[in-house]
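Each chain carries a letter (A, B, C and D) given by its place in the written order, and its residues are counted from 1.
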Amino acid sequence: MVPASHYFLLSLALFIVGVIGVLTRRNVIIILMSIELILNAVNINLMAFARLLGSVNGQIFAIFVITDAAAEAAVGLGIIIAYFRNRETLLADEMDLLKW
Amino acid sequence: MAAGTTLLFYFFAALAVLSAIFVVTARNAVHSAIFLITALLATAGIYLQLQAEFLFAVQIILYVGGIMVLFIFVIMLVNLDVAMRQEQFNRQWLAASLIALALGAQLLFAFWLVRHQGGVLSHAPAAAAALQPNTELVAQGLFRDYVLPFEIASILLLVAMIGAVVMAKRRI
Amino acid sequence: MNFSSDIFHAYVFPILFAVIIVLLLPLLAGYIVLLERKVMADMQARLGPMRVGPHGLLQPIADAVKLLIKEDIIPESADKTIFWLAPVLSVTAAMLAYAAIPFGPVFQIADLNIGLLFILGISAMGIYGIVLGGWASNSHYSLLGALRSAAQLVSYETAGGLALISVLLVGGSLSMRSLVEAQERGGFWFIFLVPVGFFIYLVASIAETNRAPFDLPEAESELVAGYMTEYSGFRWALYFLGEYANMIVVAAIATTLFLGGWLRPLASFQAHLPGTSIELLDLVPALLFLGVAGYCFSLTRKQPVKIQEAVMALFGFICLALAGVLALPLIPRFAGLMPGIHGAFWFLAKVVAYLYVFLWLRFTFPRYRFDQLMRLGWHFLIPLSLVNVLGVGVAVVLHQQAGWGLGAALMVTTVATLLVAAWLAVADERHATAPASMAGGE
Amino acid sequence: MPDTRTTGHSNVTATVLGADEIILNMGPQHPSTHGVLRVKLKLDGERVIGSECIIGYLHRGVEKIAEHRSYQQFAPYVDRMDYVAAVSNGLGYCEAVEKLLGTEAPPRARVVRTILTELQRIASHLLWLGTHALDIGALTPVFYCFREREEILKIFEKYCGARLTTHAFRIGGLQYETYDGFEQEVKRFCLDLEHKIDEYETLLTENRIWVGRTKGVGVLAAEDAIALGVTGPVLRASGMKWDIRKAMPYAAYDQYEFEIPTGKNGDTYDRYLVRMEEMRQSRRICLQAVENIPSGPIMARIGKVLKPPPGEVYHAIEAPKGELGYYIVSDGTTQPYRVRVRPPSFINLQAFDNMVRGSLVADVVAIIGTIDIVLGEVDR
């Protein structure tokens, strides 16, 4: 049996990788993908606790997280397309129209 | 059998972490997406190992078959050749690693606290049968105990759908 | 997972069966191509392949050899890794789905309790083979074909999935095996209970496998060969294999969910051969192959060359052997083999019949235009499948709560669904004649 | 951001102009441009906002060759223009030269010419139907069409020994007498054809997908058609009842009853219906003609060396694709001073831009098909 802490550590590792991705990448699409990684790390945790406690609630919560991820991806990618069409860049640090 | 599934966990965990690192470091967005898909599949494997078959299917159908297709679609629609020639990383790596370290330390501390005070982490895991039959249990939870959140989630999706259409449409 | 403690049942048998499937699938796909060409030839008043082997019976092997020894071309500006990966993904996704398909009560690699979801999820991954292949080729034809294909797959998977949900409501399980068993218990195949669902799935499955009249991604006259344009030789063969494997998968899903899986047609017709306990209909498989064998032997004499005669006779003997295998369970001593052997026969027979419909449509219909295809999907099939799910749900509630007979309740809701379908069709027609507006986005 | 991306293909290059507008190049090596037509399409997304046909890839200088050949020597060359309707080309040329000479072919020759030309019209329309349906994705009609076309080609082969570029007629009449059983074979073919045409119509006419792909696609209004000089089925589908066989009868057409089918909307579907009906009418003409082939000579007395008097003549016939005209100037020698051909495909192709604007990329293939071009004739 895998100790519960290993799930936690795996989730932690994915989370940190995701955070670093969000903070260091310039391409917005990859930033969005890193956010997906973070959400995924959360899901692993939820799932591990669901197993640990023998309760299905964690899995249900994970479903909501996935729903959220889907919504985020749809809107986020919609914004990216709209932005790319207007400014023709995908770089987060060039999206500085509000930075005055 | 138990040894087999344990091994599988470490295999999937290693796969997930490695691909996650490649997601963040790959220069090409399509490669990033492929590594993300691998990471998601590995996570799905871990779900399976955690007796969450329904979530395994949801993860593959929704995440891999839906969301990631969307990502790849968008990457292909926007012009990659230009993006490829640009610098892919900003200069915040120091700040980023500090923040990541801080967050990690915080989580580890929380983990240590829970463990130290004899929280759930020290419990023996529940019987494997507790989550079976998985699909039925999830359905009952979703449609009986959590109907309101479920409906709210549907509205969220509806809003996201309309939002995405509005954003992506050229001329409304 | 239902892991049995019996090591043989848990590991050896599934692995053996998986190996058999992986080995046989290319051959099967090759012979489906031959069947397709022969059927096409027949419908088009010509002979089709006749040269390699008698009546082209060895054509698939010749084709495979040709593809294998062709030069392997990778375009200069292609993304080499992904170019390599894409066809492999395509085939892998198609083949993985076989893990949960019950080819009979015995022949199934794993009876997953989320079997259907597993198959749907795995087939959804096939899309990556197409999209990545199209992208990696770095060609406009390929990319356009890939994007079209992805849009098409995503749209029609929704309709197809919803059609399957209507079956799940009636069958009450996600396991492929218990769905068939539910049909056995109910005495009716689900096609009779949810006919609308079956037709939605039929259309959606044709679109999902990129077959005519929805074969836009590879519309030869417009986009050359779509995402496969830059592929040649073995890689192309892999795509081809993936495509045909996928066709078999969708046919197998339809067979399992709508056409009663491995169940014999007319299960209630139990007339016996006089004086024995053999049911008349159980003779059909053996007699069929006996007939085919006889036909092969009758053709043997007409072959122009000695070697053709030999091959023809060989095929006759193969059919004879198969007839023998199918007749074996009729002997009381081996009656235990009946469900396995005859189950597999009926299952495959239904799969082939379903595929025949695919071929028939392909050679009869012109091709849809992309916006028309999207309109059909989004304006007709998806609303209809939602209404269908609603109707079936209402029928199940009426059955469980109000005590109606399931068949009667479903008949009422089916009629209602058909009315909605008619209304949708009329509304769609009106929309289509209105000034053209692009449906389906990009 | 004018970023130009080109692929390794010779037959497709696309220039990305902005986020929306791209220029797509189809051909000259494209499976559905019916030969070596090259089309440059300006696209807004999937919609065509402009087009340019680039022709000349099959130019062989046919008109120039004519100036260095005697009148008889040039006759086989015209077969190579519209190579799927060689008999019609030959008829137009022979009649033009006869007009220049001031003679006429004997009645028997004229009737036989009519029969063969009408058979050629059926063959040409069959080829068009098969390839057009194939372009739109129907795989089967092409084989049915070729099955019947084969019968026609067999008749040609029996008559003059050639199937495609037949050189069936001579200036002044015919070289060969009809073979034994010619009438019966033509008659049998025509009687068979009736239900064969019904067979094609079963596959296509009321098929929802076919109607969806062709109705309202490539609409050409009657006034545009006239302004662009479009002739033949394309013009008739726009509602104009114009057919040279009726308007200025040649060969033996004035002896037979037939209708001129017209369309209403001028779209691809109407052009399809018009051509289908034309096949029926051609069949009708053939049936009337074989019933009563006059006896008599098959060749007018024109002598072996042709020296038409100086002058010029324009003679047009209704070829399967439209008005095929020959303008011949004679300077009194054995060789024409100038031959100018008015090829129907070339003129009809002008309407392409008009028809294709505002349609989708997938329709371009259908529209190229519906004009029924033969590049041999467009480029000459």
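Methods note: a contact is a pair of C-beta atoms (placed from the backbone, for glycine too) under 8 Å apart; a residue touches a chain by one contact, two chains touch by 3 or more.
Owing to the predicted nature of the structure, the values given are computational and were not obtained by experimental measurement.
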Report task. Farthest from subunit B by Cα centre, which chain is it? Let me know. Result -> D
Query - Identifier of the chain whose CA centre is least distant from the whole-structure CA centre - result: C
Query raised in the report: CA centre of subunit A versus CA centre of subunit D: separation in Å?
Result: 63
Report task. Using mean C-alpha positions as chain centres, tell me how far subunit C is from subunit D in Å, no decimals. Result -> 44
Report summary line: In whole angstrom, the CA-centroid distance of subunit A from subunit B equals 6
Query raised in the report: Which subunit C residues touch at least two other chains?
Result: 442
Query raised in the report: Which residues belonging to subunit A are in contact with no fewer than two other chains?
Result: 84-85, 88
Report task. Could you list which residues of subunit B touch at least two other chains? Result -> 54, 58, 66, 77, 79, 82, 134, 168, 170
Report task. Show which residues of subunit A lie in contact with subunit B when the two form their complex. Result -> 1-2, 4-8, 10, 12-21, 23-27, 29-30, 32-34, 36-37, 40, 43-44, 47-57, 59-60, 62-64, 66-75, 77-82, 84-85, 88, 90-93
Report summary line: Within their complex, subunit C touches subunit D through residues 40, 43-46, 75-77, 138-141, 212-213, 215-216, 219-222, 224, 362-372, 432, 436, 438, 442
**Report entry** Contacting residues of subunit C [partner subunit B, same complex]
**Finding:** 1, 3, 79, 81-82, 85, 112-114, 117-118, 120-122, 124-125, 127-128, 131-132, 135, 143, 146-147, 150, 154, 157, 174, 441-442
Query raised in the report: Quick one: in the complex, what on subunit D touches subunit C?
Result: 5, 7-9, 12, 14, 24, 31-32, 45-47, 133-140, 143-144, 147, 203-204, 207, 209-210, 212-213, 216, 360-363, 365
Report summary line: In the complex, the residues of subunit B that touch subunit C are 1, 28, 30-31, 34, 37, 48, 53-54, 56-58, 60-61, 64-66, 69, 72-73, 76-77, 133-135, 168
